Each structure stands twice: as structure tokens, then as C-alpha cells.
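Heads up, the next two complexes both have chain A, just with different partners, chain B and then chain C.
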Partner chain A sequence: MSGYLESVLVLLAINTILAYAAFLPMVAGQLNLGVAAFVAIGAYSAGYLSNTFSVHPVPGAFAALAMAGFVGWLVAFPILRTRGIYLALATFALNQVVQGAILNMDAVGGASGYPIPEHIGFAVVATFAVGVLALVVLLFHTRFGISVTAVSDDERVADLMGLSVRGLQSAAFTAGAALAGLAGALYAHHFNYVEPQNYGVLFSIYVVLYVLLGGTQTVWGPLLGAAVFTLLPELLRGSAAWRYVIFACLIIAIMALRPQGVVVRKAWFSR
Partner chain B sequence: MVLEIRNLSKSFGGLKVIDGLSFGVQAGERLALIGPNGAGKTTVFNLITGVYPADSGSVLLDGHDITRLASRYRIRRGLARTFQNIRLMPHLTVVENVMIAQYARTPGVAAMLQPVGLGRANRWRQEARAALADAGLEAYADEVAGSLPYGVQKRIELVRALLAAPRVLLLDEPAAGLNPAETEALHQALEAIAARGVTLVVVEHDMHFVGRLCPRVVVLNFGQKIAECPTGEIHTDRRVREAYLGAEDYAA
Partner chain C sequence: MLEQQLINGLMLGSVYALVAVAFTLAIGVLNFLNFSIPGLFMVAGMLTWFFLRAGLPWPLAALLAVASGGLLSILVERFTYRLMSRSQHFVPLVTSMAFLILFENLALIAWGSDQQRVPLPFETVSWRVGGTVIAVPQLVGLGCAIAAVACLDLLLKRTHIGRGLRTIAEDPETATLLGVPVSRVVPVVFIVGGVFTALSGFLFAVNYQQASPFMGEEVALKGISAMVVGGMGNIWGAILGGLLIGVVETFAIHWLGARGVDIAVYGLLLAILFVRPTGLLGGVVRQQRM
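== the complex of A and B ==
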């Protein structure tokens, strides 16, 4: 496999995990604009464990997942007290806080970035991505899958039907944060260098766009969104400087023609 | 008594919507809650199911005070309801919509993570399909609920409430907007449900429908109980006549 193809496929794998990190809270009705914060937490946790304690990248990735999930769970309670646009702004603020905190942490290099020499290849990253995809698909075949959609459709009735609205929302938010942390760890170990500037809100918005473009109605939407966002700019490389202009126009076209996302639920389509 | 309301009051702002209301429902009974628009009938349902907290008074289910019980626990104790303005989840299929209510029977994290979607063989999915088939709705099972006609959505809501296996079922205007044939089918369905021992409390304006289904009525006006009597006697009650005068032909 050429180096170029491998790095594109690695990005595809990581972006797929990221798409599900944003998808999980979104199906529960939360617009999380702080995905990058959890990615950063995962990346730096994995890097620190590897550099300081020589933890192997694979258990390190699980630790990063747990760490980001834990932080997600902690902030879920205050953040989920807000609603709609305020929730989005609260997660946006969280993103700024985490990015700012890392910028000021000299133990992990601060603004000058953090090299993480221990390398993992495409196979490991891809295995994690396939595992995440399988787990999320399975999760959406459980009662949880129906219940989170119910919560985002009608909180009041979901509650009266016996569902714990708060519990489901914080579970979805926490699971999304954990997946973002995993993606961060994989990125850190594959590209061997992270810097806080990469984990701004623009990053979070990109990930949310994957999901909105692919569609939130089925579990396959985020996969398609991640694939389009990863591969389309590569396929447009021929047109050099204009490729992002063409790409952006295509995104706007898709959003205008299909606001509910590319993949939607049909009567015959069972997730 | 399976359900008892004691001296219940609720105000919104300065307006007393429910004022010292008391009534009881015997197990297996079918009680109608009637009254002019704005009398507070839906508010009574909302107080019983915990949509709003009561200002004072209490709600007892099987003799246990549930006035302060969080709303999501009430359906788990066998208290299910339907809604005046249909409230199905628009992005779920019909079968998924009704499956939501099953959770009330086996709540918990393990039940939440139980697979219910892989294939049609799953026990819970089969049960939901069978319940839809019983109601003559199997053709809609895999449709997305938001796109279905009003009458169909109304029947789905009833199936959903039943899948919580309620002992007390609160029906908020079940016949509103239905044509005579649909109303008759609803009557048959509710008779069958009542025959299984489910207690029914019905808010309804169609007095002909109420007369056939419910032997007893509680009449509300401005949040107060103005009468409680056998359904056949309400048109002789002076206060009921006054409340309805010119508003509705209740004696139909």
C-alpha cells in the first residue's frame, strides 16, 4: 500500500469513528460542538501514557477512550441542563476551555505541540474503526437505539413512557465523548504528533457536518458522511487550488437538495 | 380503589385550573371525565401522570401516594395514557413507536441494552407486531409514524399505551376526529380492553360514546367537580345543564 493511500484510509477510519462520536449525542437531540475537546483529551491522554509510562498504544487507546468518556460524563450533567442552541454554545465553550487548558500545559508541550513516537499502523486503526462501527450498529438494534430517537422526538412523552430522558441523554453524550477520545488516541499514535491548535471548534464543526450530510436518521448516515468528507477532497485533487471551492459547493448543494441527510429512513429500510 | 384523587389543586399563574378535586375509580371500572372546554379535564390527566406537580392534594394508585413520584415511574406502576393531540414519535416506525412502552414493564440498563432489532424473531418485536395485528394495523408496522393519517395514528397510540401492560388506562378524547365507523371500532376495542380487567378513565366530548362505554361520570367545570353520577342521570342534573347550556347537545 502506498503511503498516500494508507494515510487517506487511516483518515477515513478515524473520521468514521469521529462521525459516530458526533452522531450519538445528535440522535439524542444534542448538537455537540465540543467533539474536538474530547478528541484532544484522548490524544493527549494516550500520548502522555505512552511517553511517560510506556503504555502500549492499544491499551493506551482504551484508556484514552475511558478518560474522554469520564470527562464527558462529568460535564454531561451541567451541560445537558441547557437546551438547543444554548447546549451547542455550552459545548462550544467547553471546546475553548479544553483547548486553552492544553495550550497552557507545559508537561505536554503547550503551544509547541507534543510528539508521540510510538507508532501504530493502518491495521490497528482500521480494526478499531470496524469495531466501533459494529458496536454502534449493534447498539442501534437494542432498545437504546429506539429510546434515544424517542427522546429527541418528544422528551415529554418519552418520559411518560417510562424512559429516563436525562439518563439516555447523558449516556449518549458520554458514549460520544468516549469515541472521540478513542479517535484522538488513534490519530496521535498514527501521526505521532499532536498540537492544541488542531482541536479548535472548526474541527468540531467539520465532524458535525459529516453527520448532518450523511443523515442522522439511520446508523449508516455518519459512515457515508465521513467517507464523502474524507474521500471527495482527495478525488478533487486534480483541480488543485479550486478543490475546496468545488467541495464546499457540493456540500451546499447536498444540504439544499437533501436537508435531512443523504441516507434517510424508508418504510422498507429497517436499521 | 385503584386510583384516587384527593383534594387536588393546581394553578397556572393566578388561574386556579383544578380546585379541590376529589374522586375515586374502582378496579375494573370505566369512568368518564366530562365537562365543557377548559374545565380542566386534560389537566387532571397531566396531574395524575405527573406532567405537572400538583400544588396541593394527592394522587393515590393502589392506595400508595404517587403525588411526588417522578412521572417516568408512574407508567411502570401500571398507569398509562394517550394524548389529546397525538404524540407519536415522528422518526420511529410504527412498530418501534409501540415498542417504547414495553420498557415500562422491564425497566433497567440490561433491558435498555437488550437487542430488539435484529430480524423479526425477537420476542419484543413479535409481541409489538402481534398487538398491531390485533388492532388491524399490521400493514403500517414498518411505516414511519409521522406520515400516517390521523385516525391510524390515534389507533397506534392506543396500542402503544396497551404495550405498557397498564392496569389503569387514561384516554384523552379517544374518539375526537374519528368518523362513525372508526368510533364504533374504537368502542369495540375499548370494550375488549376493559373485559381484560383494565380500568378505564376517559375524557371525551362525544356523549353517545361515553354513554355506551362508561356507566359513571364525573363532571368538571372550572376545575371543580359539579356532579358525579351514573351516566344516564347527568341530563337531569341542574348544575350540569347550566355548565353545558347552549354549548352542546349532551342529551343525545
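== the complex of A and C ==
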């Protein structure tokens, strides 16, 4: 496989995991603008474990997943006290604080970035991505999928039907954070270098945008969004700026014409 | 020394305050977090640089930059609020983020990614009061910010359009029933927001003599923080929040160094959101949609 093709496919795999990291809280009605914070936590945890304790990247990735999930679980309590715009703003503030904290950590290179020599190839990254995809699809065929959709459709009714609204919301937020951490770990070990400047709020916005482009009504929407976001620019082959211009126009057009996203749920009954 | 930091903080804060007013107006009236504002700020700043470099006199450059902010904001309105009524609630937010990406990348294509040095349109005059230095253009900027908000306050309280806007903020459906021409009043929010943002972009470009395609992000994120700290939907709260964030930032640089700024400013934002989400001057939290 050529180096170029491999790096595109690796990005596709990582972006797919990221898409589900943003998708899980979104189906529970939370707009998480702090995805990049958890990606950074995952990337730096994996890097630190690998560089300092020579942990193998694969268990390292699981450790990063656990670490980001744990931080997500911790902050879920205060963050889920807020809702709507306030929740989006709180996650955004969290993003900035985490980025600021890493900039100040000299143990992991601070502003000058953090090299992580241990390399993993495409096969490992792809295996993780397929695993995540399978897990999420499976999850949405269980009760959890229906319950979480019920919570975002109408919180009060879900509560009345005996669902644990807070539990489901924090589970979705935590699971999203954990997946973001995994994506970060894989990125760090494949590209062997991370720097805090990459994990700003604009990173989070991009992830949210391509998930919404694909659509949040089904589990396949985020996959399509990630694929379009990763592959379309490669096919267009213009300069990076032109790619983003086209991406932005695409988003504006789709939101105007088909705001549910490209992939939608089959209508069970007509209204 | 501390007085000097305080002055610098207030000057920086006046830039944030104007952006915060634009954000708070969109949230207060339309319940819409308008992410295109950083883009408008940047366009105004870059155009200021472009026109001044081209040799235009500065009042004309200011006028063109501010007008461009208002015009682009109407364009954003066509694709966001216009569609809001017949679609899901997150659509305007998403579309406004796409506009931010669009504006930034078009500026990148037009002018490159370098930070540009804005030529100073007039001689810097500064007053010395005791040990502190006050730059007059910055003081004029602060004055402009407060005057602009006072005008907006009058517009909202005294005019027909202002009453319409406040009715829409209360309840859009009732406003329609009462005969408020919603589709003609709403663009006013966008024009005013665009003009405030662009004015802020102009002031930033002239006072700090720099402009780049990414200049909007940092300032607008601080503007959002200022809006929340002051109380969402409250224009005087936005001014208070903006000045406070400006002062916190300069003191954080003074005590913690440049790298501690984000932790201080956004830590304050998080604390406010958790402890008092209504902000310093806010009233009761409305049931917010996204």
C-alpha cells in the first residue's frame, strides 16, 4: 500500500472513531464542543505511557480510552447540570482549559509538542475503527439505543416511562469521551507527534459538523459524514483552503435543503 | 504598575465587550449562538488592513469595514434564522459554524495565512496620568464601545423596532400573533450584531496593529466568555463581562505568564457556568433550546 493511501485510510479510520465520539452524546441531546479535549487527553496519556513506561501501544490505547472516559465521567456531573446552549458552552470552556493545561505541562513538552516514537501501522488502527463501529451498531440494536433516543426526543416522557435520564445522559457523554480518547491514542501512535495547538475548539467544531452532515438519526450517518469529510477533499485535490470552502458550502447547502443530515431514519408511520 | 495593567485590561476588554454584545443580542432575542461572529470580526479586521494599506483615509476604511460586517451578517441571516422556523433547532448553530469556516478559508485564499501589520492611520497620542500611560486612540475605542451600547439600549427600549425585538425575545409565536413583522425585525438583530462585531474588528486591527485570517477565533471565544460572565441576553452585562475578561487576561499574563491566560479566562467561564449560569447581571435562566 502506498504511503499516501495508507495515511488517508488511517485518517478515515480515526475520523470514524471521532465521529462516533461526537455522535454518542449528540443522540442523547448534548452538543459536545469539547471532543478535542478528550482526544488530547487520550493522545497525551498514550504517549506518556509509551514514552515513560514503554507500554505497548495497544494496551496503551485501552488505557487512554479508560483515562479519557474517566475524565469524561468526572466532568459529566457538573457539565450535565447545565443544558442546551449552556452545556455546549461548558464543554467548549472545558476544551480551552484542557488545552491550556497541556500547554503548561513541561513533562509532555508543553507548547513545543510531544514526540512519541512507538509506531503502529494501518492494520491496528483499522481494527480498532471496525471494532468501534461494530460496538456502536450493536449498542443501538439493544435497549440502550432506544432509551437514549427516547431521552433526546422527550426527556420528560422518558423519565415518566421509568428510564434513568441522568444515567443515560452521563453514560452517553462518558462513552463519547472514551472513544475520543481512543482516537487520540491511535493518532499519537500512528503519526508519532502531537502538539496542543491542534486540539482547539475548531477541531471539535469540525467533528460535530461532519457528524451532522451525515445525520444523527441512524448509526450510519456519522460513518458517511466521516467518509465524506476525509475522502472528498482528497478527491478534490485543491489547496487545503479550497477544500474547506467547499466543505463549508456543502454544510450550508445540506442544512438548508435536508437539515436531518444525509442518512435519515425510515419513517415507521406517516404523519 | 498595577494601574497600568488595569488600564490595558480595560482597553482590551472594550474589544471583547463589543463582540459579546453581538453574541448576547443573538442569544437574547433569537436564542441562537451565532458562530459566524468570529468570521465577521476577522473580515472587518482584514479589510481594515487591506484598505489602509491601499492608502484609503482611515474614516473611509472604518466605514467600509463596518458596512461589510453588516452586509455579510444579512447573508448569514438568510441561511440561518430564515430556516430556523421550519427545521430542527441546531441548524442555525451548525450553519453559522460553516460560515465561520467559509470566511476564514476565503480570507486565507485571498490574503494568505501570515499575520499582517496594520499601518497606523494617525499619530499615537498618549496621556500620562501619574505613572500610567493611556493611549488616546484606545480610550476613544473604549468610548465608542460604551456609546454604541448606550445607543443600542435606547433602540431596544424606546423605538418601535426595539419593542418588537423584545416581544420576539419573550415569545416569537405571541409576537407574530400580536402583529410584529418578525421576518422584517429579525434582520435588524443581525445587522446590529454584524456592525458591532465589525466595529470591534476595526478597533482591534488599529489598536493592536495586526490582522490575520485567524484573528477572530481568540477574540470571539473571549467574547462568548464575556457574554456568559455578564449574563446571557443582557447588553450591559456583556460590557461588564467584556471589561472583566480583559482585566483578568492582562492580570493573568502579568502573574501567570502568557500560557496561563486560557486557564484563567476559561476557568472563570466554567466556574460561572457551574455556580451561577445566569451570569453576574442575568435574571432567571430561560428554558434554553440548543
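Here are a few things to note about the model shown:
Everything that follows uses one rule, which is that the second predicted complex is superposed on the first by the 260 of 271 C-alpha atoms of A that agree within 3 Å, B and C clash if a C-alpha of one lies under 4 Å from a C-alpha of the other, contacts with A are read in each partner's own complex, and residues count from 1 in each chain.
Here is the rule we use: contacts are C-beta pairs under 8 Å (C-beta built on N, C-alpha and C of every residue); 3 or more make two chains touch, one makes a residue touch a chain.
Everything numeric here is computed off the predicted structure, so don't read it as measured data.
Applying the stated contact rule after C-alpha superposition, one finds that A:Gly162 touches chain B and leaves chain C untouched.
In the overlay built on the shared chain, the residue A:Thr218 is in contact with neither chain B nor chain C. Once chain A of one complex is fitted onto chain A of the other, the partner contacts of A:Pro259 are limited to chain C, with no touch recorded for chain B. Once the two complexes are laid over each other on the shared chain, residue contacts for A:Tyr244 go to chain C alone; chain B is not touched. Of the two partner chains placed by superposition, only chain C is touched by A:Leu94; chain B is not. In the superposed three-chain model, the partner touching more residues of chain A is C, compared with the other of chain B and chain C. Look at A:Ala150: by the touch rule set out above, it reaches chain B but stays clear of chain C. No residue of chain A lies at the contact with chain B in one complex and also at the contact with chain C in the other. Across the complex, chain B meets chain A through its residues 49-51, 71-76, 81, 83, 87, 89-93, 96, 99-101, 103-104, 107, 111-118, 124, 142-144, 160, 164.
Taken together, the chain A residues at the contact with chain C in this complex read 29, 31, 78, 81-86, 88-90, 92-94, 96-97, 99-101, 103-104, 110-111, 200-202, 205-206, 208-209, 212, 239, 241-242, 244-245, 247-249, 251-252, 255-256, 259-260. Across the complex, chain A meets chain B through its residues 138-147, 149-150, 152-154, 156-165, 217, 265, 267-268, 270-271.
For chain C in complex with chain A, the residues that touch the partner chain are 27, 31, 33, 35, 79, 83, 87-88, 90-91, 93-95, 97-102, 104-106, 108-109, 217, 221, 224-225, 228, 232, 259-263, 265-267, 269-270, 273-274, 277, 285, 287-290.
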